[in-house]
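Two complexes are shown next, each including chain A; its partner changes from chain B in the first to chain C in the second.
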Partner chain A sequence: MAGQSDPKLSIFSAAEMEFLAEDEMVEIVPNMRMEPLNLISGDYGPFRPQIPASVPYWLAVALKKRGKCTIRPPEWMSVETLTRILEAERDSPREFQPLPFHYVEISKLLFDHARDDIPDIYMVRSLIEDIRDVRFHKVETGLETISARTHAVKLKNLSAMEVNIVRPFVVRTLQAFYKHDSPEMIQQPSVTSNRRLPATDRGPRRDLRQR
Partner chain B sequence: MRDEGDFHFLSPEKPAKKKEIFVETLAADAAAAVKADAAVNPRRCFSAANPKRERGDDEREREAITLRDDVLFSSATWKLWVRLLPLTSLTVNSFAGKRTWFIIQMPTGSEGGSGILVDDYESLLATSDIVLLKTAWRNEKADPEILKFQAALVQRSREQIQLMEDTVEEFKRSGFDPLIVSIYQMDLERAQFLLRSYLRIRLLKIVNDMIHISKTDLWNHLSREEQNFASRCSEHMKNYMDEAVLSKLPSGYQSNVKQSIASEEDDMVPEPHLDTFVFCKSKGSLGAIPLDDSADEIVDLIADDLYVLRYKSIKPYVESGQVDLV
Partner chain C sequence: MPHYYDIDDILTEEELMPVVFQKAATGVGLLDPSSETNNIEQGAKVELPFWLAAELQRRQAAMMSIPPCFNQTTRKEIQADAGSVDLRSRCPYFYELGSKIALVVGDQTIGSFLLYAFMNRYKEVLSKSHTAAFAATTKPLILLTKEETHLYEAAHSSISAFKKWRMGGSRYETSSFIGRKRKPVE
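And now, the complex of A and B:
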């Protein structure tokens, strides 16, 4: 039945998602002097004490680990902004608030390596966790509305990690509907269709379609 | 995509000639630049991130593109860069120590030609090879089918990695600050990881669908090395299956691609699952895209919004690079 699709559930591992996120830029305030770096991924620097410089997260974390800089948390990572986002997130059950594409990974990176650079870290941390929970709840309720008529799903502002986590469910659901929607499947309704969740089964079936 | 060859963006009608002029001009400029090196202020100028285009008073009407004012080359390796320049100079930068200034002059034959060229340069300026490689890697990972091998991109990334390896070695020998060496090392490792992972995911796809790939147009999506690998791999697989199982079956059931001799076509060949759904983002507005064969359902892709769509319906856009898989 629908179980014969791709056995690989996740195409990106969490580590790979973090790898992607580490190329995002962040501001650091170095406490040492260093000539500009000319790397494959770009040019950064020069670094002067107390003069902010913009570098990718991997470089910021590497310098931070050696005590060579402080990281300036991104603007959205403040209690006010996050509180506002959380409220908006709760108020609009159908929409996702705009957040950086890699916000989950970036906040994890900073919580792991730059705790002392984030003001109100406990508050910020719990706010981000709340935002994540609200958003995942929305994705889950969104999944229930997928029906046989769904040919495309638009997920504005969904972040990278969220995409990666919901991907197997969304893809399998859509695939299953697509498959059961095909003419030969409808002529011989399968036994499993009785077990579908009531919420997913609403709405009249669309006309038979040429395969 | 911009990966057909190092010089493909030059006017397609007369590639050979253009290439010559281009390299000549470049060589002359390079020589001049090397001489002028000492006179030029070596401070990096980040303000000029966009190419400046100036009409010279030369009657040949050249278009001068100053690349960020700071495309730097090690004078020892500039020859290599001349070859790679059209696509790499923008991303591979100087190597500490020896620095040379470059201004690249493009002879422009016709307006149309220069248009293509400048467009390409502008899009290239916005993206470095590593970004392109990352996109290629993501697409390849998320795509159920094998995509076209990014030959030029892989070649460029390889040479950049090679050069960076040499640079890091040199740093180590000359006793640079270990912090700086370790940063260069990290950068190098990130690039290597991307390249390896890109090549590996392709090998995985080849192993999974080798017979299907060798029977279809997908064969042309493979690099020569991958083609060798695929044919050797399917040969070994066939020999193994013959020895282990197939030769012991009754005649008529001995094919490794057909269930029995009665099958009219190869019905035991695994194929990529094209009916699957993928997460994707469009780079620009693409207008209405039909979602199924009958075209009665359409979707308007808005740039940068995330969609889940059936792979088949956006396949041509993924292949042309207008839509990125996430």
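And now, the complex of A and C:
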């Protein structure tokens, strides 16, 4: 699967990431009565007033725009949980906390369209910004450890948007290092040349983050 | 293996190399600006583009030596402070040319030198490209070679696209396909 915004490169634009994130499910509380929706992606509903229903974000946002429901923010989007995550992110400089894969996009969606449904929205928003900044800084310091012996990078618990931002840079970097470290460029010292390592074994794989 | 029409590869091979002719050559005086006749004598020192020099070297008509951007002075400067060496003015295709030369000349030190240079300069690029998304910084770009510039651009464009998205803007954009006008049929 590749993005459509740039035909030459297989990267996603931020708006495309948001589009993908809209398939995640969320709980809404409708205030109208409606028959179940039978769509290709699944059946949603039936919708009864004050009875929660589970729908994808795109449907939730569409209903919300028409004033037909309130969105229940996901569990992780509370001040207590986010404060705890932020603390944990700051305390562990070498690993990422598990967060929903699309947390950046989902939080933006809800901040744009469902401001009145999120309790303590200012606090929540600044907490998420802080978490994102801390995590991105970690990614950057992690990337500094890439060297000639790196030919794979493992990033656990990294979210979709974070991966998407660093993808073009990391891919180019790894390609460049691979090229400069190819066996025909870096000759082994002549003493050990008779027992040279096979080209496939290029040193231990380095994890960007140990877990 | 780069593409035949890869412009970067073509420009890489245009870089001038110092060459000493091992044989006299007639009728090619235009290669040597200091030559008074139309011939090049044996032992003449000429600067030729890499693509020609490599062919002459292969036929043992000329000996290629290492261009100034890979000499000891540059190596010492790279060892001292890799990030602040202006490689762009010395050779914009530093890494590409270096790896080509290493194979032709057979100098085994160039490979590890290139790797060392890239490894240390990469960190500079990394730290600058992701942080300087808003400030219109063109200064670091002056020092970077072509390959490093590509890296910088990749990081810079993705982070600025993200910031633009976060700030908001039109949620729906018309596809370029929809806006396109149909070409008139003549």
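Here is the rule we go by: the second predicted complex is superposed on the first by the 172 of 211 C-alpha atoms of A that agree within 3 Å, B and C clash if a C-alpha of one lies under 4 Å from a C-alpha of the other, contacts with A are read in each partner's own complex, and residues count from 1 in each chain.
Going forward, a contact is a pair of C-beta atoms (placed from the backbone, for glycine too) under 8 Å apart; a residue touches a chain by one contact, two chains touch by 3 or more.
If you're wondering where the values come from, they're calculated on a predicted model, not measured in any experiment.
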First, second, both or neither for A:Ala14, with chain B first and chain C second: second
Touched partner set for A:Lys179, first chain B, second chain C, both or neither: both
First (chain B), second (chain C), both or neither touched by A:Asp91: neither
Chain B versus chain C as contact partner of A:Ala152, first or second or both or neither: first
Partner chain(s) touched by A:Leu59 [first = chain B, second = chain C, both, neither]: first
Which of chain B and chain C A:Ala160 touches, first, second, both or neither: first
Chain B versus chain C as contact partner of A:Leu37, first or second or both or neither: first
Of chain B and chain C, the chain that contacts the larger number of chain A residues: B
First (chain B), second (chain C), both or neither touched by A:Lys108: second
Chain C-contacting residues of chain A that also contact chain B: 11, 167, 179
Parts of chain B lying in touch with chain A, wherever the complex brings them together: 44, 72, 91-96, 128-130, 134, 138, 141-142, 144, 160-161, 164, 177, 179-180, 182-184, 186-188, 190-191, 193, 197, 273, 275-279, 291-294, 297, 299, 305-310, 326
Chain A to chain C touching residues, read off their complex: 11, 13-15, 18, 108, 112, 136, 140, 143-144, 146-148, 161, 164-169, 172-173, 176-177, 179-181, 184-187
Parts of chain A lying in touch with chain B, wherever the complex brings them together: 5-6, 11-12, 16, 19-20, 22-23, 34-43, 58-59, 62, 66, 68, 151-158, 160, 163, 167, 170-171, 174-175, 178-179, 209-210
Residue numbers on chain C that touch chain A, as the complex places them: 95, 99, 102-103, 108, 111-112, 114-115, 118-119, 122-123, 126-127, 129-130, 147, 150-151, 154-155, 157-159, 161-162, 164-166, 168, 171, 173
